[in-house]
């Protein structure tokens, strides 16, 4: 589904990632773990087109998407969430999700400004779809609140609803459990499985080991910019190198 | 509670008093004659607008103190155009429609004047502009007059002097604003008639702080004299740069710097500079026989008494405009159309900027004798004879 | 046709104007490097320096040197007030709000200066005489030497301050990562305040040393500020040699442009260069490609 | 849905007031002031599309205003071009220029964008000022003809008022429509977080250039209207100061609000009137307002009024409830 080949990223002399390769099978849940500074978020940024890698290739299915812009990738069904929750704070919760439907609608500036019939029809469908995604994550009651006024946990959910509105094939989540309490985390695990049930591939970067071991079918371990191991949760838990470099540290 | 009541009583008392006072003046005096004024009191042309406003206000106060015109007081409504044509147009509309003025003096700049001309032409209100641009009264517009001397007259005065000195190759350095570009046009337009050749033609920006590059280029061009056309502070920088570069050519300036401020800014570098100016800055040096001398002294002394500084060339434009206007009102009453006709009949009026004679063909009213040449000697003006 | 000293004169003129631009550019760089703010009011401190000096000279009748020192102190006070009243209380720290606030401050300072000192232009006496010096057929004023000297002095002082003093190092740390700096016990707020103080002091110094040549009035700040900004952009936002080179290059291009192409378009030339650099090499001409932060 | 209906109601009300106002202002000079307020509102709306919606600052918008005015002025005075065609040409010219410089200039962010647009504005000003043969230079361009529709000549305040305000109201309506649409949301998303917007599939680069182009197009229409109603133009009206004045208008009125644009334009156009007594104080007041409103009222006066309105409504509602209890 998604594979990276020999990704290397050098920032002005500092090597953040070195020759990282792995692939993700369709409809799976893959976790990427590693201590701080291992290069997890950098990897996400490269895959989603925010950074330009120094070397290496990224494939989505058969397609080489190595240097695609984020907006193009969204059109291809690759979408992500952010570690620090990047919501459109001044817009309502519903509108946030409606932005997620941007690639699913076509009206241009002129039909929008002149409210041509096609645009009105489209707007209605977009609104209905957006409500459906809010129902999916359980945010319908908050639909008209400004996103910046949401509590943190619900902000995370909104980010996921917004990403789902893109109707992705694959969704990359950057530490979705960070800052959530245990009840919220349990809800998140359930939501992740629900997303998988829709036939969507999931990749998550996460520090919450319990969540990772719980939901992930396969885990990639990064350390100091290099891939340390790749396997099932059980294999990873037993991997000596991983324990030494990572779990042992904790 | 008590205090509130007390202050209310006091307040209403004061209010009634004020109202009574106003009503009283309204009832007992004949309504004042309203004159509008558009000056660029702030903004880049404030150096024009400020003395003009001061002068106009002074004239009105003087006239009112001596009983007004035929018993009627004058009321001056001043609007600041900030040198912005849009604000000038708003202002002129307000003066005409809201204040219902009978005539307008100003604006200070050519741009503002050009912008308000269509409005006054349509409304039929006489306007006496204090700006110099030749376009204002050429071609003649029915309702528009002006008091500032055409730049062409200043150019002619300098060229005449150059002819006398047998100088024929000159360099010009003009500022890239309305004043400078008008000067540049006139310098070029009159050159041929005087047999003068402009061999270097340079400009500088109004905010420039160093003109050595242009002057170096001029020096290499081989001119016999330099004419700089601008308003403070640019020409002062030019004067200093000329001295710094050790250029020995005679330096001429325009009437745009005929104020003491220029001498102050240029300091020793001002020595020997020659410029055309209205007679106002050398009022005391004028011979007794000079036709304008009385007017000049009255203005200079009056201004000094009120504002503690010497009146200048620019304030003089407003003085002339006010005088021409009040003379016309005195003869024709407060009907705008009658005022206009009376203005056009003005003949041999001795003003500050020169001796004005308007006619149906000429709404500028001056000849090149409006200017005299002055030289800066010992940090002061000296009449060149 | 060419006068013997013509080219030399253009170069000298360009260099001396360039040194002024560089000095003004420093002020931008210091605040930007410590806070990420581009202070659009920087030019106004240049104006304040000159105007305060003239005010003190004429109203308090102090000799030149104490007057200059006092003027720098006054301008620095204005800088402190500016930071305390308009920058620090700001909650919504978006670049856009900072742009607007600093523009607002520049308009406000300019307006206040106009109300207090009037609209007239004033001249400051030269520090050491006004007899030009001759160099290879060209001339410069003694004041130009002051400008070169003070610019060099400020570069050196800057270098020493930021490389060797604890305060300077702390300021650099803040610029690199304010959060991390606060973790190691650096008071970030003080550092921001300090950067405003240093840059308003340098700005006013620039305003004072150029006033004898260029004269000053309430509205000189805009153009000088923008030119200083050009210098610092060409120089890649450095508070050292880069900006000096940027300023000198700008000055040279202007004077050669005025001399050999057209004086009317010399400012346009400067701004077209600014745009080109922003478009093509936003990291400046004299810096290696910026290291992207992770 | 309710929100949408309320918006239609507010706009209809506003448009009605604007269109009926001249009936009550016959022969008043205030009508003339309102013509200028209309032109400034149009400009503020144009800048608001860029800054209020998409969050991209421009300190050079006076350049597009000036370009519109000069293209219109030059075409109608030096060539026998119909004023309406000149208006169209002016708008297209500005749009083309904006499109070309939009790609490199909008790559820049924050302070750098501000400086680059400022530089662009100054370059354009220099060209207005120096190309004397074309623009008339600093002494200006006079004798620009009025617009006309058949027998109707737009040469008096009442006609100009309707000319300017019909166009301004139209552009306001289109802008309000745009805000509540796919494109408007995408623009506001860019304003809040460009990265997140791109990840959601919004082509920020193209969209920013599009809105910049439209903003320039509208500004140039305003410029052309200005030229044809004033009949005289000179470069001083199109300098850096005016760009800052425009910025002040929309900050004071309220970023992203079209009624805010009107409010800001109205206040700044009339402020000199109110300050007659403190003549020179206006620039100090502009500066202070910019600082204070950015600090304490990020949504401008319109935002403040809205908040006040809500408080009052809640008070009344709360009061009613208390009585019930």
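Letters A, B, C and D mark the chains as written, and numbering starts fresh at 1 in each.
Keep this in mind: a residue touches a chain if its C-beta (ideal position, glycine included) is under 8 Å from a C-beta of that chain, and two chains touch if they have at least 3 such contacts.
Fair warning: this is a prediction, and the values are worked out from it, not measured in the lab.
Participant: Contact counts by the stated rule: is the higher one at C-D or B-D?
Facilitator: Ranking C-D and B-D by C-beta contacts puts C-D first.
Participant: Taking each chain's centre as the mean of its CA atoms, which one is most distant from subunit C?
Facilitator: A
Participant: As a quick test, compute the distance in whole Å between the mean CA positions of subunit C and subunit D.
Facilitator: About 33 Å separates the centre of subunit C from that of subunit D.
Participant: Any idea how many Å lie between the Cα centroids of subunit B and subunit C?
Facilitator: A distance of 37 Å separates the two centres.
Participant: Counting in whole Å, what is the centre-to-centre distance of subunit A and subunit B, each centre being its mean C-alpha position?
Facilitator: 71
Participant: Two-or-more-chain contact residues of subunit C, please, as numbers and ranges.
Facilitator: Within subunit C, the residues that touch at least two other chains are 222, 264, 267.
Participant: Mind pulling the residue numbers of subunit B that touch at least two other chains?
Facilitator: In subunit B, the residues touching two or more other chains are 42, 176, 203.
Participant: Which residues does subunit D have that touch at least 2 chains other than itself?
Facilitator: Touching at least two other chains: 130, 280, 282.
Participant: Which of the residues in subunit D come into contact with subunit A in the complex?
Facilitator: 174-175, 177-178, 181-186, 188-189, 191-193, 195-204, 210-211, 214
Participant: Report the residues of subunit B in contact with subunit D in the complex, numbered from low to high.
Facilitator: 41-42, 44, 80, 82-87, 89-90, 93-94, 96-98, 110-111, 114-115, 117-118, 122, 133, 135, 176-178, 180-182, 203
Participant: Inside the complex, what are the residues of subunit C that reach subunit D?
Facilitator: 32, 37-38, 40, 86, 89-90, 92, 95-101, 103-112, 114-115, 222, 226, 229-230, 233, 264-265, 267-268, 271-272, 274-275, 278-279, 282
Participant: Under the stated contact criterion, what part of subunit A meets subunit D in this complex?
Facilitator: 48, 50, 69-71, 73-75, 79-80, 82, 86-91, 95, 98-100, 102-103, 105, 107-109, 112-115, 119, 122-123, 126, 162-163, 166
Participant: Which subunit B residues qualify as touching subunit C in the complex?
Facilitator: Listed in rising order, the residues are 42, 46-47, 50, 176, 202-205, 207, 209-210, 212-214, 216-217, 219-220, 232-233, 236-237, 240, 243-246, 261, 264-265, 267-268.
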